[in-house]
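Each of the two complexes below includes subunit A, the first together with subunit B, the second together with subunit C.
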Partner chain A sequence: MTMTTRPRPLGAYPVRIRRQRDLIPSRSRRLAIFVSSVILGLLIGALLMAIMRVDVLTAYRSLVSGAFGNSDNLVATLLKTAPLLLAGLGVLVAFRAGIYNIGNQGQFLAGALCSTWVALHVGTVSGALGVPLMVVSGLAGGALWALVPALLRAVWGINEIITTLMFNYVAVYLIDYLVTGPMQSASLGVPETDFLPSGMQLPIIAPGTQLHAGFLLAIIAMLLIYVLIFHTSIGYEIRAVGHNPRAAQYGGVSLRRTIVGVMLLSGALSGLAGMGEITGVHHQLLDGVDGGFEYTPIVVALLGVLNPFGVAVAALGFAALSVGADNMQTVVGLPSSFISIIQALIVLFILAGEYLGRLTIERRGPASESREAAEAETTQTREVKL
Partner chain B sequence: MSETVVIGFLTAMIATGTPLLFGALGEVMAERSGVLNLALEGSMLAGALISFLVAWRTHHLWLGLLVGAIAGVAVALVMAFLCVSLLTNQVVTGTVLNILALGVTNFVYAQVAGTALSPPHVSLFPNVVIPGLSHLRFIGPVLFQNPLLVYIAILLVPASGWFLYHTRGGLALRATGEDPRAVASVGMSVLRIRYLAVLYAGLMAGIGGAYLVLGQVGFYTPNVTAGRGFVAIAIVVFGRWNPYRILGAAAFFGATEALQERLQALGISLPAQFLLMLPYLLVVVALLVSIRGRGEVGTPAGPRFLTIPYEREAL
Partner chain C sequence: MMDGQPPFLEMRGITKAFGGVLANDHIDFDVQPGEVHALLGENGAGKTTLMEILYGLYTADAGDIFVEGKHVHIHSPLDAMHLGIGMVHQHFMLIPVFSVCENIVLGMPGRHDLRRAAEEIRELSQRFGLEVDPQARTGGLPVGMQQRVEIVRALYRGARLLVLDEPTAVLTPIESATLMRFVRSMASEGHSVIIITHKLEEATEASDRVTVLRRGRKVATLPTRETDERELSRLMVGRDLEPATSQRHDEAGPSCLTVEHLSVRGERGALSCKDACFEVRCGEVLGVAGVSGNGQSELAEAIAGLRQPAEGRVSLLGVDVTGWGPRALMHAGMAHVPEDRKATGCVGAFNLVENLILGRHRESSFAQRGLVLRRRAIRDFGERTVQEFDIRAAGLDTAISVLSGGNVQKLILARELQRNPKLLVAVEPTRGLDVGAIEYVHRTILGLCDQGVAVLLFSSDLSEVFALSNRIAAMYHGRLLGPFPVAEVDTERIGYMMTRGVAA
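So, the complex of A and B:
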């Protein structure tokens, strides 16, 4: 780069926008990106509604009142928040380690299946033991479903994105087979299992409503995952592997152990979400218990910027959107898939916003030029591939 | 096994393998340029829906195919803009785009055709019988009595191989996936190469999705692709990023799908759900077989810079 020898007045240097490679956007800037992404998503939603000749205000009002309008709606929103939060935490744990476990749907179903099977075969155990047994079987089912992709990835380096996704389809067909065959209820005569014994159902935590203990489980899980990720050495290792596996390995972290551990924990959390839906909501296993939880946890985890509290907020927001969407469907006739479009759009805007968040406006002067020269010399850090 | 059964099976294999082959031949170019285009599934689904709607409304199959292909490119354009220009994480972006494509297709289909009493159908692409060759015993009915798109897909295999290994463009494409900085240092635009590769993948996936609906099924159901885009991505891995091996891999997965349909029709006592699971399980097995012993922990085989965004250095 040629440097001008004669000093120029500062104003003569051109203003330019440049992107700083390693700049981590400030908290306020990230918040601004987040808020503007949500607003942009809702605006595009409004635009679509206008095109479809739906009254925008009525639609959004029905959305909000459907989610929070009365105590029943609020409970419905909270009921939906719990599984989204749990499965979202599962996605978070894996993504934090750079492991793209997108098999949360299959792991959710495996947790649901495992807890149903245990409950129907063990029968009622003495009062206090039923719920812990359900929790353990939900965790185990989800972890088990993640085990094969985890080992394939850890031992042979086989891309977990494809394997976890393939296992989703396997889980869907397995459940379909079981509820129409071996596990079908003899008395109900429909493709559903028998109802779980009452001792195996999650207790209601708000009398007179449907709100069950799964909500508390989700809150506890959120706090535990927060402590795990940010305040333990294991969490540090997980983040290190996610940031740069090779460097973490040189630092003494076992990649294999981390990958398997993270996948199992991720699967277990999704399994717990599935368990909650069975023992807290449906009280039996049937096709489509995963309805609404197929891909949403991934979006929730990303929207929550892979932070446990962020994921909780995103889960609440998405639960509200999907519960409100049902009301919106009845009021203005917009199908619930409309909301899933807006949800995905918001996350896309946030992804794009990350780039904008690193842009800085600066006046080009001698100082910045010499800094650029120094930067150009430092080797470009390679993000490590999957 | 009688000859007609085998012929029927092989014909079905070609029919089910063709959308996968289209998708995989597109994806291989994107991956060779260093972009893991997970949005292939979304491109395929968009291509399937749009081609179906256009063909259903206009009764022009080829117009449907064209518009469907454009829809596939449109999804890929978003993918390329985010991943190549804005340097976003490819896996995350692809996953979110697939979710978006699923939402949009479900929404559009419900708006346009959801109220129809019986699900709308379209006629399928007619078979093009190759004179002379189609009378060959056994080979004739399997290979030379197919819709035009099947021939195109098969001819694309040597064309892709020729492009990748015997042209300057192919060399540049492969180099971009192996070391983008080397490509940039000789004055070529990594950005342009990656854009073209991803858009091409979207085009192929759009055509593959269109063939699925207009050449194979004849109607649309929500999420009709059911993970075929991901199977196509697995085929690229299984075929080790080589078009000829990809043809073999696509035939293999076409065969599993065809087998699943056959066994079901033959009334084999295995529950239907297990047959439906089969292709998905075999993807996992195939990945294991193809990669075992290669690549160290955490670094699967493939182009060295796959999934790594390239940022042009400031001058």
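So, the complex of A and C:
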């Protein structure tokens, strides 16, 4: 179809870029945004490396081989993926209902604490029951930590962003106190608890490595959450509340029950992540057991566009970057925190892409010339007015 | 066609497609200086698209625009304004905390002397009989006044052609009459006005010519003098319409809904509805008339379970249902067509079929043991319903946001009626719909009555209330007057009650 009937020399008018309100980026466009953001992040990372006089190719090669190069590295990446995926799923569930639970760190620690406490106080139960008991206590710990913010939000409408954030601090300092006080190991003499009885530790699923059953739990959780969100009436209600709480209420959905429900499930998933780190990796409770990923699950959930499989990809990506970074540090001497710069750049590019994805480029017509004339006119009247 | 003088505006062969659908298909349209031109068509006929192209909000895929004989390219509202084209949208774009004067100069280039501007605004508004106070705070103004502010804003920026999008949709009858007087005075000063509308009266009342669009095409342009509402409605819909009227069976059925001394608080905590008492019988329509904002919304929400009543009792088929939630009420036999169909009646991000099961998503026919959704059954149900209720959409996966208002309302009615309710609470069921859809909704409501369903209708459209109701009540400042049997009142008396609050 022709733009106009009257022929016009190409390039006679300067191009102009405008934001089109009726344009929603398509799926392929979004994928393009994602891929180009990753590439751009890595390119700028390369530029920074060059400035720091680091060999870019060697650095990136060491990053990749550090994450996937051999089975040990791959296992390390998967080990890091599991908690990120679980906590990311927790964030997903809440965000899908429009509930901004950013307390995944606190709920993670509560799950870790609860499973440690149960393991140390119940002692060894008969073999087969140990692991289920740990799973339940991790879920319960995380859910309990989310309960108070959930009720505050559901009953009195108190903003869950603030309360869940505050509960993070409570959890961090509570554990700090417990491992230096009441729960500190008498025999180790450092701020750590006793080791968990072996019956309470998650079994290794790949013999000869450290890959524990927590990874399987994460995969199972991913599948269950997918089914829950997209194939059940509960998921339907969660999505309805997230998109339009008023219409959901009109459709007979109880907002209170939904809010409390998703908060508890969200907390439980983060708690399960915390349990996995205790019973699968550290085998005791200690400071910094959350691996310092604080708000990373939120980023992971959002990058995964709140889709369980997308979250898994994002979790794997973030885990690979941080595991690979350790190797990069040893090979080329770049501090491993350098990778945070690249992660942040990728996130920023994706956000920018969300905006740029709505822009279109057009040629400018003569109407804008008359506009310039009119603008000159207004300038004159303005001078008269002043 | 032209008598020597070029038209102020001429649009030739305007074509615009949205995702394969032609919203405008080679439309020719012109406006003479000093002319009032009505642009008539059903929702989705392409009126607003055509005007948004003129106003620079969209770019046409093909076609040319001439202003005063000069070929122009309009890329933004700013371009349009500089060409002397102003538009007043259906939804006003004013900042409530700013004064009228501040709102009007906002966004104009350069620095402004507010006192000078206020004087100019006052003069301008007096010249056209608009009586706008430049110092007033915009937020506290009634809707009709806010619309005038929008009009004065366009005039202040030098508009010689004013586009009004559905201007009377939000106005009371008195405000509408004032607006039409203003439109004539604009024209007598040599300015041009385009009125976008789907209402026949609005199209014929003040216009010199009418252009009718149907499904993206221009059907006709006629001098208003040489046509009538009957011809226009046929052109607009493509067939003859027979107005739906109540059968008025007067034999009273058993009581369905009883409301006793019901008081409801509004958003700000004050009582919006005070001590309402009435009864709706099976097989009758009880119409509640009122200018919007007089407590009807709150009363309807309290009955439908979306709002807790402060006092009083509601019973449905003899069961006390006071304070019950929407789900329990649904099971008790209530259906609800909410006031704001897009904000309350459906989930915008859900597709058509997902919206069709809203509220029924736990029923065993759609979810195994109320939990796992039966995709197949839901799609089958969707396909059947779309056919039966003639919902026009590209497919079951169509996003709700692209459906026209009429189709959204059909979807909501379809969903509510498939439950075989005993009571239908319908709030402004035809607001913003075109004649074809209105006819459909009215027929559906009357059909329900014949089946013995009780209907409680809230509407600010008096002609609708009178066309459908067996009994009529008026609402004013939270008080309910009546109900009166329809034979004992006329539009004048009810109109008097809903604007003054006393029985005439």
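Here is the rule we go by: the second predicted complex is superposed on the first by the 332 of 386 C-alpha atoms of A that agree within 3 Å, B and C clash if a C-alpha of one lies under 4 Å from a C-alpha of the other, contacts with A are read in each partner's own complex, and residues count from 1 in each chain.
We take it that a residue touches a chain if its C-beta (ideal position, glycine included) is under 8 Å from a C-beta of that chain, and two chains touch if they have at least 3 such contacts.
Given the structure is predicted, the values throughout are model-derived calculations rather than measurements.
By the touch criterion defined above, A:Leu152 lies against subunit B but remains apart from subunit C after alignment on the C-alpha atoms of chain A.
Applying the stated contact rule after C-alpha superposition, one finds that A:Ser28 touches neither subunit B nor subunit C. Of the two partner chains placed by the overlay, only subunit B lies in contact with A:Leu351; subunit C stays clear of it.
Of the two partner chains, subunit B is the only one that A:Leu174 touches; subunit C does not reach it.
Of the two partner chains placed around the shared chain by superposition, subunit B is the only one that A:Ile102 touches, whereas subunit C remains out of contact. Using the contact criterion defined above for the overlaid structures, shared-chain residue A:Ser187 touches neither subunit B nor subunit C, since it reaches no partner.
Between subunit B and subunit C, more residues of subunit A are touched by B.
On subunit A, the surface patch touched by subunit B in one complex and by subunit C in the other comprises residues 18, 21, 375, 382, 385-386. Residues of subunit A touching subunit C in their complex: 1-6, 16, 18, 21-22, 231-234, 236-237, 239-240, 243-244, 246-254, 362, 364-368, 370-371, 374-375, 378-379, 381-382, 385-386. If you check the complex, the residues on subunit C that touch subunit A are 13, 15, 18, 56-59, 61-64, 71-76, 78-79, 82-83, 108-113, 116, 304, 306, 325-327, 330, 336, 338, 343-350, 354, 358-359, 361-362, 366-367, 370-373, 375. Contacts from subunit A toward subunit B in the complex involve residues 18-19, 21, 52, 95, 100, 102, 148-149, 152-159, 161-163, 165-167, 169-170, 173-174, 176-177, 180-181, 245, 255-256, 259, 295, 298-299, 302, 335, 337-338, 340-341, 343-345, 347-348, 351-352, 354-355, 372, 375-376, 380, 382-386. Of all residues in subunit B, those touching subunit A in their complex are 36, 38, 78, 82, 86-89, 91-93, 95-100, 102-104, 106-107, 110-111, 114, 181, 226-227, 230, 233-234, 237, 271, 273-274, 276-277, 280-281, 283-284, 287-288, 291-301, 304-309, 311, 313-314.
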